[in-house]
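Here chain A shows up in two complexes: once beside chain B, once beside chain C.
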Partner chain A sequence: MSKSIKDMGWDELVQGAALFSFEGDVDYEMSQVQPEDRNYAETNSRNAYVGDWRVEKPVFNKDFCIDCQFCWIFCPDTSIIARDKKMIGVDMDHCKGCGICVEVCPTNPKSLLMFNENTDNEEALTQWPEKSEEKGE
Partner chain B sequence: MSGNKVIKNLKSFSTAAERFEGSHVLCPGCAHSIIVREILNATNDNLVVSASTGCLEVCTAIYPHTSWDCSWIHIGFENSSTAVAGAEAMNKALRKKGRIGADVPEPKFVAFGGDGATYDIGFQWLSGCFERGHDMMYVCLDNEVYANTGGQRSSATPIGASATTSPAGSTSYGEKQNKKDIIQIMAAHGSPYVAQVAPNKWKDMIKKIHRGFDTKGPVYINAMSACTTEWKFAPHETIEVSDLATDSLVFPLYEIIDGTELNITYRPKNIVPVRDYLGAQPRFKHLFKPEYEYLIKEWQERVDAYWEYLQRREEARV
Partner chain C sequence: MNSKIMDIKKIEVWDGNMAASQAFRQADIDVVAAYPITPSTPVVENYATFEANGYIDGEFVMVESEHAAMSACVGAAAAGGRVATATSSQGFALMVEVLYQAAGMRLPIVLAQVNRALAAPLNVNGDHSDMYLGRDSGWINVSTFSPQEVYDLTLCAFKIAEHLDVRLPVNINQDGFMSSHTAQNIRTLDDKTACDFVGPYKAVNAMLDFSKPVTHGVQTEEDWHFEHKAKQHNAIMRSVKVIDAVFAEFKALTGREYKRVESYGMEDAEIAIVAFGTTYETAKIVVDNLKKEGINAGIIAPRIFRPFPLEELAAQLQNVKAVACLDRSAPGGTVGALYNEIAGALFNSPARPVLSNVIYGLGGRDMTVSVLTGIYKDLVKEAATGKLNGTIQRFVGVRGPELNYYNA
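Let's look at the complex of A and B:
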């Protein structure tokens, strides 16, 4: 096939076509290999971008994080990066800015907060609220 | 490494290598993808998955992309069940003939369908799969509406919900029929395991998914899926609304083993009034007009009666 599948229109596809998630043969167990060690095909949606859906973005402040992983389990967009039981950060290519991670974060102050998409992350961290006296809901 | 993933707590769960990728185009805050991630991450086994037409299928296979890092079949609205049943039967036959070697690990077979696909359009296909006894897990993503086509009512839509084909207005309070009791119907098929799950109660959900994977035969899972677009709450409220659903007992969490052994798996510490669950979702906002208040009262009575019924069945083991 000379043309990349990305450059083909829907009417150029072979009927019953398969979309491949990975390049070449997969001779490893997918459930054991983290994304950075996988050979993704260009047709995997991981290579697509939805960051431009966001109006607001979550900013992560690791100073308060207790690695509870509530944000990880409830993110609908596989965008909370957890490795070795630690919360590492947010995948901004795939995060749609829903704000669920912020809602479920239990720390006081929260370790994730929503900011305008155009706010610089360093700037956001300087605006972080103090611990609030209010009891949690 | 095969079999269920050992999940002691959320930290150990978070070491899972994800097999459901981002940049699908489900709405921000959609619960479908939270459910799918919890299920896929619960096992180390290879997976053969299908999805019936609906938000999940359409939004995870936008040409030329796929969000699935496992075998996945794109199929019609009505037949995710039979697509996976066919794959399961083929696997069995090829192993018998020796064309798939005994050294190749057995995959798990999972079909996803929306409530429209499950309760209505794909029901006879689903029923056939359960009658034939395929070794598969069928997961209904129950958002109580045909979401992908703009919110038509289904037989999972509850009384009083405003949907595009049962709109609330000056002469109507919305949907008139009560929700079909699909869990009892699937248990009556003789299924060895049926359960209701909710993604906010992830521990309960993983336990049931593990049990489902360990069960031979057709397993039915009804997964409550709060839909930000059609239930009309803000995207960041998905887990909050889901908590109201499970804690008001509108979606009680229970399982039925072999058709008779019913176990309630979650008893809320503080049972929330149904009114609070309804109040969080603008699809029910008209019910708060004085002339429709009686519907909220009736709903609470239905929920109380069903909870009572579940408890009696749990006790009686019938």
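Let's look at the complex of A and C:
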């Protein structure tokens, strides 16, 4: 798409407001291409920043992470970034702060915790709790 | 074409419902999703019988409501298939939310609508209140006057809706019982001729095209909504070219001619009635009778209710002195829609006929030759004096004191 949808008149838009996900034909195996290498169309919702929907944000502490991938599986917005089965971090452009990743994290202490959106990440890591004696949590 | 061909005679005795069912069968539809309702029940019932007897290659989906029926149609059409359904009245009312979706998403769905009054009081008989309910929904609306026209125009509907310059849903209206349950001789097309006329389905932005993943039914706010509605309006306004072309092709195939505005006796008419549906057929008899008496009467009907043939109607009413616009729908606190639209059509033209609005036939009350003759006789007086005989709006055929509204 050479012209941005923002500059299009009614005559140039796709009829029925259908929105295509990718530029060009997908004549290859999409699952073999990492998101950052995909040719997303302008109208793909990946281009929509929704990070400002958050009130609280998940902070990742890699010191305790066991790369179980629970957060990656459970995140409803595919905002957990993982490569080669290793947890890397959170896509803060699309994470809406629901806290499910924290809820499902099985480590003790947790490797993901919710903090106020305005808390600095380095500061958050200094406030990380100790291992809990209680079983089951 | 469906793999099993039905052996039908060149002339069959079908009612309007069977005419719609047979046109559906011959159009080789991918998905029919429907929830039967009187008086359109037999459209669905007949189609289900065809399916059960192996005459339908496509899917027939029974759903839990008319809202679900139209939703399933929207889904199947977005997926990339030829889609149709049928309904009436309350069922149509339940579909309304999804009608706007279908038109806005530019999905060429065909709806066989058998017109019936809207409750309350509950009523299963024919009037045009359901047709009027859908008039702003963005669907192309076609008015038919007889079972033959239902058959012909349902076949045309697929071709119009699916044309790449149109891609809009089409609603084929017929009068409940007067057309839907009246068996008449129908000149048919054999399965191959009918299917070839409709032509193969051309999918556009289909969800089942995995090489181009696409989202349908998106949200737009003040940034793009207006542009999409403008594009949609332009499509329905420009669809007249396609409608005319499809009608011309149908005439070449069958000899049967359809126009966006149908008229009878209008060549030398001084007085005219404008009306939809089966009333047109009855009025033709009255026009013939009156012409024998030396009264130059005519009947005119918008075959295509939407896109409204404003210019064509205005042109045909230029030499008329008095016009009665007949609305078969309770107008709910104003003049009838047809009156408003004819008045609007004439306002920027030189003609200033005396214009009145007659509300008739609600809930299936018969529109007879004698009632129509009475309306024409009033028009004769109005044409002679150049003034309304009474008020702008009146009711005919209703028991009780006269109902007259709006002084000129």
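Note that in this section the second predicted complex is superposed on the first by the 118 of 137 C-alpha atoms of A that agree within 3 Å, B and C clash if a C-alpha of one lies under 4 Å from a C-alpha of the other, contacts with A are read in each partner's own complex, and residues count from 1 in each chain.
Note that in this section a residue touches a chain if its C-beta (ideal position, glycine included) is under 8 Å from a C-beta of that chain, and two chains touch if they have at least 3 such contacts.
Not measured: the values here are computed from a predicted model.
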Partner chain in contact with A:Trp10 - chain B first, chain C second, else both or neither: both
For A:Ile66, using the defined touch cut-off, is the partner it touches chain B, chain C, both, or neither? Pick first, second, both or neither. neither
Applying the document's definition of touch, where does A:Gly99 land relative to chain B and chain C: first, second, both, or neither? first
Between chain B (first) and chain C (second), which does A:Asp25 come into contact with in this model arrangement: first, second, both, or neither? second
If you count the residues of chain A that each partner touches, which comes out higher, chain B or chain C? B
Footprint intersection on chain A (chain B / chain C) at 5-6, 8, 10, 13, 19-22, 43, 45
For the complex, give me every residue of chain A touching chain C. 5-6, 8-11, 13-22, 25-27, 43, 45
Of chain B, residues touching chain A in the complex: 1, 5, 10-26, 28-34, 37-38, 43-46, 60-70, 199-200, 202, 234-240
Residue set of chain C touching chain A in the complex reads 104-107, 167, 204-205, 210-216, 218, 220, 223-224, 226-228, 230-232, 234-235
Footprint of chain B on chain A - complex, ascending: 5-6, 8, 10, 13, 19-22, 29-35, 38, 43-50, 53, 67-70, 72-79, 82-85, 91, 93-100, 102-104
